[in-house]
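Two complexes, one shared chain (chain A), two partners (chain B, chain C).
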Partner chain A sequence: MIKKTRKHPAAINLDRRTFLKGAALGAAAMALPPADADAGILEGFFQKHFREMNDEEIKKVIDRLEKDYSKQFSKEVKVKVTKPMENVVFGYGLDIGRCIGCRKCVHACVAENNQSRDPQIQWISVLKMKKGAKIADFESADRYYQPEQVPEPGQFYLPVQCQQCENPPCVDVCPTKATWKEKDGIIVIDYDWCIGCRYCMMACPYGARRFNWSKPNIPSEQLNPNTHYLGNRPRPKGAVEKCTFCIQRTREGRYPACVEACPVGARKFGNLADPNSEIRKAMEHFRVFRLKEDLNTKPQFFYFFGVKANRAEGGK
Partner chain B sequence: MKKMKAVFFTLLATAALSVFLIQSGVHAQPQAEQAAKQQPKQTAAKLLIQAPDTVTQAPKMAFFPCSQCHAAMPANKTERALAFHAEIGLKHMPTGWCYSCHDEKNKDKLKLANGDLIDYSDSAMLCGQCHGATLKEWQDGVHGKRTGMWNGSKVYDNCLSCHDQHQPAFKAIKPMPAPERPEKIIYKKKK
Partner chain C sequence: MTTALINFFKDASNIFKGGPKYYMLMGILGAIVAVGLGAYYLQFDRGLIVTAMRDQVAWGFYIANFTFLVGVAAAAVLLVIPSYLYKFKPIKEVVLFGEIMAVTAIIMCLLFIMVDVGRPLFVWHMLPVIGTINFPVSMLAWDFFVLNGYLAVNLAALGYVLYCYSQGRPYSLKVLLPIVILSIPMAFSIHTVTAFLYGAAKARPMWNVSILGPRFLASAFCSGPALMLLVFQALRKYEKVDIEDKAIFKISEIITYALGINLFFLFVEIFTDFYSNTLSGVSLHYLFFGIGDKTSLVPFIWTAVVFNVIAFAIMLTPKYRYNFKTLNVALVLMIIGVYIEKGMGLVIPGQTPDTLGEIYEYVPTTPELLISMALWAFGAMIFIALTKFALPKIRASKDFEH
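Presenting the complex of A and B:
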């Protein structure tokens, strides 16, 4: 009997020792980053939670992020970590009687806060509702209206964005504690700790959170280089984002972008702890209400009717 | 005797005081008038806004100063269709004409109801004569638009930044584009 060994023409004679040597070398090579890779990949992987880092560690992370973003967008990008001010609790007021639904706030927000242009992400939704309709009836509201001119007769407009709740349900459900409430009342997200489970989006009764289903696409000339770690820095794919009251502006004392964009002055912003602030004056002047008050989320975002009806020409 | 002395002394003192008062009054009156002539009456419009804050100026008027044409023209108080300033199309009050707000003699000034003349830049005071509650709300920051710092110096938009003084109803505008419908958003694959 002749012993026939089947041999593949391309086979190589490989004994166990050589194979193991090669495998060990290959594994070692895999562990090394390729020559053109960012040195920061490993650091990013082992980055701690934002609130567990000390100032030195935060500085290191910021340096790395600034380098990454500047390279990615080929212009200098600044990432700040401005801390909350003492004795400041931010509050927002919106005069529904004056809002004409022009969406200037929406687009000012996109430009300021570096939302993805394609696929489109917008933090503010302006809802069109019929006059006389219940304000809580969000299902019959229209987000996609596009008439020749606004305001349209017989309609009113209700812009909705993150309500910065005092009792935020989104924070309760986050499994990685990637979102939390800051001392000045702003709910923030550490985009690097968000695992993209979208529980917070389910928990939010206002539909204020947005998800990056794909890598955000922002033309580098449109990127706002003045960013905050917890605010408008470019987000990674798979992270949740939302309105932060323009944390990069308001923590330096400036008004949010939407306030400055509103052509009718329907948006009011200020410190709830200061009795002379605009928001406190608005709360004293007008009967303010909050959306879905029955859910006990206690939003820091107040709506009111500063005028009886929308008095602009179309809205008569 | 002591009582007499006291009465005499008080009489003397009051007489001296009155003489002094009359004399100073005689001198002071023309001085005050002169001062008033040199400095136009400081109206409350200047005092509305506190130091670090500022008010935006009215949109630039096409033909300011008005006196370059109107200085030679007599004031015509009859209500009529305007030939030159046709764009004004006054749609503001039920009654009233140019000289309800503009001064007849000094065309570069506005006139308050009490006769005080104010600059065009202080027009908020003029509006506030009728819209007093709105003026108060504007000062408090609940009416109108503010830009700048929420905890520092603010820029107040004045009335005319949003309202046309002659047709104050807010004009309808074209809205910015609507958001894309979710079904139309295509998530592109990585190149």
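Presenting the complex of A and C:
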């Protein structure tokens, strides 16, 4: 998958850094459980930032993680590091006119992306709002609606997930550079580098980031073994996670799970750089808007009203 | 040099010697710390789920205490400015206590951050050189530098003076003055940067206001020095330390201005949000009046406002400001007021409602309270120990005062 060795732009600096890391952390290493403890613990502790590792180091880490996860979930777990495709910038479109608030997307996302089942973590929040309400008036929204049947009359639904901003405030505030924007526009997190300070959650205007308040729990049989290092691999306790546009699928040319799961076709996805893509077509045909545009975060997640609202209520 | 160091450490070992009262006090504080360690083990083991923090309110009591304590650290500089810039001698003699308080407060700040992070073993990731600190973009990286810088400067000043005293000679102003002068802009920077930490979050309209930095400075010049004045009086009473009334009154005068400015800033903020009545003012509305039946912060913030106003009224009247009984009432009210207003009264409503409009009412859990109490007890231990180290030296130094 990875052929050529990545050259670090400041190779000398890296050497010094590696040296100092060893010197300064030697003491810390001694404080950790030595002797009979699993060597993996130490390797995990000293693991470098994903973007500072060369391909060989990445391979070693992946091997260790695959072994750990496979043992933990008693099945073979694959961890990929698929890189961004050339000339691809992902964009997402959501047709509010169509969405019926069924939360099929939420369930598909949880299953695909290995979110914790207990405590529950969900990357997509579907907000129920009164028709006629201001979209900006989130205070009147309800995230926990539980009706017999959706859609409910007089309501519309606004699903919100990571908006993959062009100017992501979460990336700016991170004290360790544990979260960054990839070339294809996806904001990713190195869960092993995140220290769990939650400053990114303060900075995100869309409530998109989730914290692992305890050790995530996923029943082995429900674990999706097809994972990506920057995406749906199992997360450690105390790290932040969020939607990655299903990086493990979309970088291989597949749709995100939520797009596939949507029963009414409210979700569109594609390459913003390709004028013939589904998302570009939606942007050309409908008036699109983005959430909290005044904050200038420039989300790559566009909302629009594609069909008349009453069609979504049963096509009367 | 070796004997000098031996002298220094011999003096330092003073902190382990004391009467039964000293041991009892330290024992009680130590017990509180031990209980807190137990609670922290629980949190370390199970995760931050043992706190009341959740995705909606992801910063809570720990960060509130951190924010308040950054303000307390200002105590030192408020003593430094009149004594070194304006050569006000009565205060100069007690600057050392201010530095001890600053050192203590910053250590507590760093500990409150440590107990708040989800993966404490990995905080080395944000260190310069061995980690990948996001400097200069992240305000947290700036805060790391200014807090540690301020700690270093105050430790240097404190260490130098105590070192000289333990050698039985006066300190040289040539060495001390540059350090002390440097601590003035550094003190301003810790408040400014901590305010920017919040102000940088454009997702949170209540924090993302330009008045926040000035408000942080004004309230810092109330709470820290107020705590200082109470400590001075305790030292006078129990340790017979010679602290002049003049010093205390001078500082309380400065505190009065700061408190007045702080109240004015709060008023400005309230006016702007409530008069314009935009959707982004909802946090302040939640804080002062609650939203629907979600009103848990309302009694606290009004307590804070009333306490601060009463304190200001007392401090403003010379008759009461120069009376230790009423002065102390004002100081206590002010400390409580600022603790609420700048702690929970800032951190929690900033996140309530959350960015998607949900109102989650945050009330700290028992482990959270125990851990925080332990950190306060630990802070008290540091302060007492350092004071114990410094006291005999300060007394002796009277003979060779500049």
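Operating definition for what follows: the second predicted complex is superposed on the first by the 273 of 316 C-alpha atoms of A that agree within 3 Å, B and C clash if a C-alpha of one lies under 4 Å from a C-alpha of the other, contacts with A are read in each partner's own complex, and residues count from 1 in each chain.
One rule holds for everything that comes next: a residue touches a chain if its C-beta (ideal position, glycine included) is under 8 Å from a C-beta of that chain, and two chains touch if they have at least 3 such contacts.
Since we're looking at a predicted model, the values are computed, not measured.
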When the two structures are overlaid on chain A, which partner does A:210 contact: first (chain B), second (chain C), both, or neither? second
By the touch definition at the top of the document, which applies to A:271: first (chain B), second (chain C), both, or neither? first
Contacts for A:172 in the overlay, against chain B (first) and chain C (second): which applies, first, second, both or neither? second
When the two structures are overlaid on chain A, which partner does A:143 contact: first (chain B), second (chain C), both, or neither? both
Quick one: is A:198 in contact with chain B, with chain C, with both, or with neither? Answer first, second, both or neither. second
Look at A:119 in the shared chain and tell me whether it touches chain B only, chain C only, both, or neither; answer first, second, both or neither. both
With the two structures laid over each other on chain A, which partner does A:282 touch: chain B (first), chain C (second), both, or neither? first
Output the chain A positions appearing in both contact lists, the one against chain B and the one against chain C. 119, 125, 143, 213-215
How about chain A: which of its residues touch chain C in the complex? 16-17, 20-21, 24-25, 28, 45, 49, 52, 119, 125, 127, 134, 136-141, 143, 160, 169, 172-178, 192-199, 201-207, 209-215, 236-240, 295
Footprint of chain A on chain C - complex, ascending: 46-49, 53-56, 58-59, 113, 116-126, 129-134, 137-141, 144, 197-198, 200-204, 279, 282, 291, 351, 353-359
Interface residues, chain B side, partner chain A - complex: 137, 140-152, 157, 162, 169-181, 185-188, 190
Of chain A, residues touching chain B in the complex: 85, 88, 93, 100-104, 106-107, 119-120, 122, 125, 143-151, 213-215, 250, 253-255, 259-260, 262-265, 268-271, 274, 277-278, 281-282, 285-286, 306, 311-315
